[in-house]
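First chain written, first letter: the chains are A, B, C and D, and each begins at residue 1.
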Amino acid sequence: MNYIDPELDSPKEECGVIGISTPGNDAAQLAFFGLYALQHRGQEAAGIAVADGQAVRVHKDMGLVSQVFDAGALDPLVGGLAIGHTRYSTTGANSERNVQPYVVETMHGPLGLAHNGNLVNADHLREGLLKRGAGLSSSSDSEVLALMLAATEGESWEHRLSQVMGEWKGAFSLVVLSGTKVIGCRDPWGFRPLSMGRLPSGGHALASETGALRTLGCDSIRELEPGEIVVLQGQMARSIQGVEPAERQARCTFEQIYFSRPDAIWDSMSVHQVRQRFGAAVAAQHPVEADVVIPIPDSSMPAAIGYSAYSGIPYNEGFVKNRYIGRTFIEPTDELRRQGVALKFNTLRENIEGKRVVVVDDSIVRGTTSGPLIKMIREAGALEVHMRVTCPPIAHPCFFGVDMGTHDELIAHHLSVDEIATHIGADSLGYLSVPAMMEALEREDGYCNACFTGDYPIAVQLKLPTTAKKRFDGALA
Amino acid sequence: MNYIDPELDSPKEECGVIGISTPGNDAAQLAFFGLYALQHRGQEAAGIAVADGQAVRVHKDMGLVSQVFDAGALDPLVGGLAIGHTRYSTTGANSERNVQPYVVETMHGPLGLAHNGNLVNADHLREGLLKRGAGLSSSSDSEVLALMLAATEGESWEHRLSQVMGEWKGAFSLVVLSGTKVIGCRDPWGFRPLSMGRLPSGGHALASETGALRTLGCDSIRELEPGEIVVLQGQMARSIQGVEPAERQARCTFEQIYFSRPDAIWDSMSVHQVRQRFGAAVAAQHPVEADVVIPIPDSSMPAAIGYSAYSGIPYNEGFVKNRYIGRTFIEPTDELRRQGVALKFNTLRENIEGKRVVVVDDSIVRGTTSGPLIKMIREAGALEVHMRVTCPPIAHPCFFGVDMGTHDELIAHHLSVDEIATHIGADSLGYLSVPAMMEALEREDGYCNACFTGDYPIAVQLKLPTTAKKRFDGALA
Amino acid sequence: MNYIDPELDSPKEECGVIGISTPGNDAAQLAFFGLYALQHRGQEAAGIAVADGQAVRVHKDMGLVSQVFDAGALDPLVGGLAIGHTRYSTTGANSERNVQPYVVETMHGPLGLAHNGNLVNADHLREGLLKRGAGLSSSSDSEVLALMLAATEGESWEHRLSQVMGEWKGAFSLVVLSGTKVIGCRDPWGFRPLSMGRLPSGGHALASETGALRTLGCDSIRELEPGEIVVLQGQMARSIQGVEPAERQARCTFEQIYFSRPDAIWDSMSVHQVRQRFGAAVAAQHPVEADVVIPIPDSSMPAAIGYSAYSGIPYNEGFVKNRYIGRTFIEPTDELRRQGVALKFNTLRENIEGKRVVVVDDSIVRGTTSGPLIKMIREAGALEVHMRVTCPPIAHPCFFGVDMGTHDELIAHHLSVDEIATHIGADSLGYLSVPAMMEALEREDGYCNACFTGDYPIAVQLKLPTTAKKRFDGALA
Amino acid sequence: MNYIDPELDSPKEECGVIGISTPGNDAAQLAFFGLYALQHRGQEAAGIAVADGQAVRVHKDMGLVSQVFDAGALDPLVGGLAIGHTRYSTTGANSERNVQPYVVETMHGPLGLAHNGNLVNADHLREGLLKRGAGLSSSSDSEVLALMLAATEGESWEHRLSQVMGEWKGAFSLVVLSGTKVIGCRDPWGFRPLSMGRLPSGGHALASETGALRTLGCDSIRELEPGEIVVLQGQMARSIQGVEPAERQARCTFEQIYFSRPDAIWDSMSVHQVRQRFGAAVAAQHPVEADVVIPIPDSSMPAAIGYSAYSGIPYNEGFVKNRYIGRTFIEPTDELRRQGVALKFNTLRENIEGKRVVVVDDSIVRGTTSGPLIKMIREAGALEVHMRVTCPPIAHPCFFGVDMGTHDELIAHHLSVDEIATHIGADSLGYLSVPAMMEALEREDGYCNACFTGDYPIAVQLKLPTTAKKRFDGALA
């Protein structure tokens, strides 16, 4: 099902990108294995475009990487250059047309493009294209980026990119494929991560997270600078400053808190260790007497380990998570749910019973799952339940590629911390403050904390699409 | 699998289009049932785009109409306006990007387009678009047509269409969908059919063949004139002369000979009756003493009936055709084929044995199946086998939407009629001559007979894509 | 979905079987191509079991032969012995467990079995097995036949078969596979056809119809005798009289009238020619002044040719049938149908208008389609419509493998010929009488005409399963 | 693909079973959600059979629970009684016939059966059935169990069960479904777990693990006794001692070590806590000076927590596991693997670098993954790597339902502990001894430790099927 209905098809999403240049012919295979390591950044759709020095081929579809690329699908994707994309699940199944990479023929030859981020002036740019007589076949920023590149004069794609990227306001970490090269670039604010490394083959790879580069066996891994353009060709890698870095740097703090896989290195720091430091910091800011520290599996484990280490309260597991509950899961009926059918988590009663419990979570967005989880902990016999959250209250939507929901949907937009504690039934609730979080990050600025503070690094119109999607609080069944 | 490689993806194809405007909300359903009646015009892919007064939605995919639109696929396609397309099978499975209707957003609002035909100046038009900075995501003429419309100024789609259609050289019967209307138009030469009728609901329908209109219960059926534009909105239908008709009219004679389903009315004539007249005409031109007239099932039945009626030689069936041999059929190995495994046809020996047989076929293209079929007739005990073909020898490729193959592939380009008779093992072979064919058509001119004569109604460059596909002579297994 | 609910899963069905013994390893391939030529005998499910001298392997599933055996499915089926089955569509999709061939391990080694027909004492035999402690995993006769064979002592499968087949009352043409041989056998009444031929490889094949044997390149084709057992091993074929032929032979007349493909030879007669003779006979019995004879496509074509030849009234086509309307077709809504959406047939008005029309059909079962077809002929401008049916009125259900429906469902059980004529709106209606039909068959007896006469060759309890399925009168859309 | 080839289709497998009796009609839904919580016990196939007081229906297929039961598949499974099964992945895809529950009609009415375990006298029992004339359509023990029950006289299924279960030697925890009741029973040795609980609806549920019962909201959970039969009907539950418990009880220690989900209660103990105790015990038995304790995720986490708590060495994560690597994963080519493409695990270098590392694993079977994992830890900068295994060396195959592989495949059958340490590249390697393990279990006997000791609780023939499958050491990519 495709459609043209911008209202229904929100461009706000978190994604993963990869780019490969290798002397061999197996760039698509490397892109495929790299996407596996970025799968957590988007499970709705995946795609790989490949070039062999001349033509560009693309295979993409809705589904997980493993579903889109079944046996045989990679076979025709022969060539030494590739870009890939994995995409976050939006509300509907209606977005087939928006699956990336986006590939077009242009006066300069074939062009493929995949990106992670969100432009705040996309509507303005779309209008500009339409006025110039373009036809837009999707609602994605990728097409806008690609068609602007297609219409730009210049001697090379990197040249054209540097000419036009100054017009793009917002978050974009993107990979571009021509018939003969792969180009990576990062917006001047540095919202979203993008790193590169040297492949064992002597070529190079680009990826949203360093974990994907390590999965491919890369060394010499470094982050792209804000505004930097990197051109990959065979074993060669060349760097250009496409535009000046913005005065106010704006890394997304949420990559540190939740998005990135814990093995990522981001801003020269191990995400796993940052999360341990966040756990220690919230332990320092909100100490409590307790018998056990438990994480909400799996993402809060490092933070809970950090809390335990700082506080001296023993770490243990309090929940077993059913790893087979997938995206297409058939939900229990309300009646069964009322009777207590609870599929996603079981408590480990013996680790909880008769104890004062600290439960560590990395974030609360809508606040719909914390309450039921705390109730389960109490039913398993906890004497007290103290919730600690390793980020500040989220009170403002994101316009730079993360789907937080609207103001209306954010619990911290409506309720104070005390009110939230009452709402979710915790004996106490402690959030990490912004200053404490930045201190744990060992940075004074350079991060975008707009979802906590409302202070956006680029002026935005505070109007969200009506269909903003819900991301964080997975359903508790 | 999508790709950008114009060489591999020939735009030459025979297709079917449909357009619906109805006061109700079930335009997509009507388009769906209409496409069923056009399925013989293309079995590779199908699609329907629908509009509800505002947004345009499209569902399309590779496969038969029944495969693309499984249960539930039609449900979201709500609205009173729809266009649909069914597409001829090309050699590869590589053309997902070219599946129609093509849908884009433009400065004038959403636009959907589906067409039957082929432009001879498509390369020139593509280059023009690219030079203006466009990005082309497919190799189909549809995108070229749509993007040219998108970039044209004018107060309405029909106005823009009339402005730009003069630039399009070649065959095009097309249906256009905006948010609020359906438009049909036919090229000034009149190569491909396109008819309209009034639906029982009071709305109107457009279709490549009148049989599809009758399937939908239409009355007041008439053909669009060359160069005519028809605008459908609710129950209203308005006609505009978009461009002047060409001086030399050029209906495709092959629609009469083979393509159209026998229940079509084309050029005010019943195709079934035209084929009977062709059969009678070849009987008059090439009489023979014989005991039975048999058709090659199914398409030559009307012609064989006509031959029998004119000659007085009894009509009977000589072959049983296996109707379950489909497009994805697993072929017997060469060894099994050598042993005589022959799946598609069995002879009806009792109707053939000891008889002098006239076998009627509607055309010979590459000449690969006639020989084996004649051999089967002989093995069933025929005393003589006389082949009669109800069209002239095909010696030239088509550039207007029919995939005849290249000069090299056409047997009549290389061999004389006598040589062909020897090649296929017939005791005699008679083709209908061009004058006799036109006489049977009761027309003096107005038809394109270029595949017989080489006299093309528009100047063409005699260079075919290297991947020209083979259409007519289905494999004999 | 499997289930144990004999009421829902009627064992009454028409099917096709095949058996192969070849010196090579490609028996499964030959069975596959043979099943293609038997596909018209059953489109619900298909299966092939193969033996390589030791183990027996089977692949079977719901669907057409081409769907069940997609690329690769045949690859593991290596061996020189094979049996195959294709099965008629029942009402529900609930019969996965009943898909044939049925394969079991027994004390005598592996055993595969597939059959065409229906036992009238199946319930009695099932009870016998259950009382002996068996567990039955399906509701099919095949399992009963196989488990009775499994429990029988004897030196060889053919020996065991001859011991037990006398207990089986009803119609059964069956093929049996052990690790080392293929066995065919036919019930002593000879209800259902089964023929054998010599393969080009020197081996032998068994098939429900001779057309399938000819498709495989067989010669020396002959029918199995009633009660005969044939044992195939490598290139060897051995015949045994399993049981004495019944005194009253009972070939199914409906194989001649409708079931068999017209290229079948059955009772030493060409089915196509028998149908021409039926057409001539009904012309002799029910002459009428008319201008054109048209068939209901496709099955009535030979009969209409025969009617035309005898009467001198010209034959022509009156309907175009849409060949793409398949089993999983989405039906038009009642509203669309009311408006005239009619997918399956269009009339060829020019062949009908202003004419007195004789329309030939091979049978009327429930009488639901004749009326709408006659209405279409009148709407196409026919002056008169005379219906001729090339079999007698069907007034009684079949218990021997053909699903005619119950007494209640048979129109000729309720109405006289005149009443039927009025009901379907024909100007006149003529059925072939039983004596005229037998005369056209050139036989005095040896056929089962119970569906016409109620005179069953084996005593049956006149109680049909409540869910008897409807076969003949395909829906007219 | 089905086949009869016992050699290829090993019956040795670990599985999960569930049984439901509820006053409502949603037993199948409860069984479905229960199977989700047992999915880790088998991912090859799943099935549910349901009874509504009369008929028994079953739906089963290859695949995960979520794949077998897609939307709509549960709808027809209406009734208050259900059994379900989830099955361990065998090497081939060849076992469709063996998917459970097995359902047959018998002289006593319909019978469904699903089981977990393995009989050591299955071949003997099969032969007995065949000699009595049975036909066996699968190679599974389930069919043997069901057909023996079908052939047994007795007033009720529980009566028949108690009569026949004494003949079954080996491990069997089974659930039986008739038209009117659900029966659970456990072998007299108590090899495999089976528990029951009271549903919120007032009915009862049986499940291999208590976690599944808690998922359904059950209370009053208890284990079935060895030899016990439990009969469930509506809200009623009745217990019978089917056979006397064996003198030598033989719970599978591996359920405690690895199989069961950590939230299971087994032998009145929390599996999570038992694993913590195993971790502490191996810390006591094999102390080492180190800086960090890391688990092999996910199964060794509780053991590593226990090791850390006992030793005082801090617990941390050392690996990130890619949760998207599924069963149908496309493996990297050898060349890519050689270059370092490693998909399943990345190390968390910052938690390892410069440290002496204790890595805790729950078992070593073939020893193929330990080496590569230790190499990764070293490459991440560990100063020392000490491996601790929370079970004794596995030197003997299992004949009671766990696929350990053959003697040949077990590394501890060939190598001493020191040799294994060298082989896998560990600085030290410590296994838990059998006595220390039993002490940690707080039991003196009652467990089967045959895979460690070779002392089988039932005499077995030390000959494994040649196709014994590999279970434990998942591939490291």
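In this section, a residue touches a chain if its C-beta (ideal position, glycine included) is under 8 Å from a C-beta of that chain, and two chains touch if they have at least 3 such contacts.
Keep in mind that what you see is a predicted model, and the values were worked out from it rather than measured.
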{"item": "Greatest separation from chain A - chain, by CA centre", "value": "C"}
{"item": "Higher-contact pair (C-beta pairs counted), C-D versus A-D", "value": "A-D"}
{"item": "Chain centre separation (chain A, chain C; CA means) in Å", "value": "60"}
{"item": "Cα-centroid distance, chain C relative to chain D, in whole angstrom", "value": "49"}
{"item": "Between chain A and chain D, centroid-to-centroid distance (C-alpha), Å", "value": "36"}
{"item": "Where chain B touches two or more other chains, by residue", "value": "none"}
{"item": "Pairwise touch network: line, ring, star, complete, or other", "value": "ring"}
{"item": "Contacting residues of chain D [partner chain A, same complex]", "value": "26, 29-30, 32-33, 36-37, 39-40, 64-66, 69-71, 74, 199-201, 211, 214-217, 261-263, 270, 272-273, 298, 301-302, 305, 309, 314-317, 320, 322-326, 328-330, 332-333, 335-336, 339-343, 346-351"}
{"item": "Contact footprint of chain B on chain A as seen in their complex", "value": "1-5, 55-60, 73, 76, 102-107, 110-111, 130-137, 146-147, 150-152"}
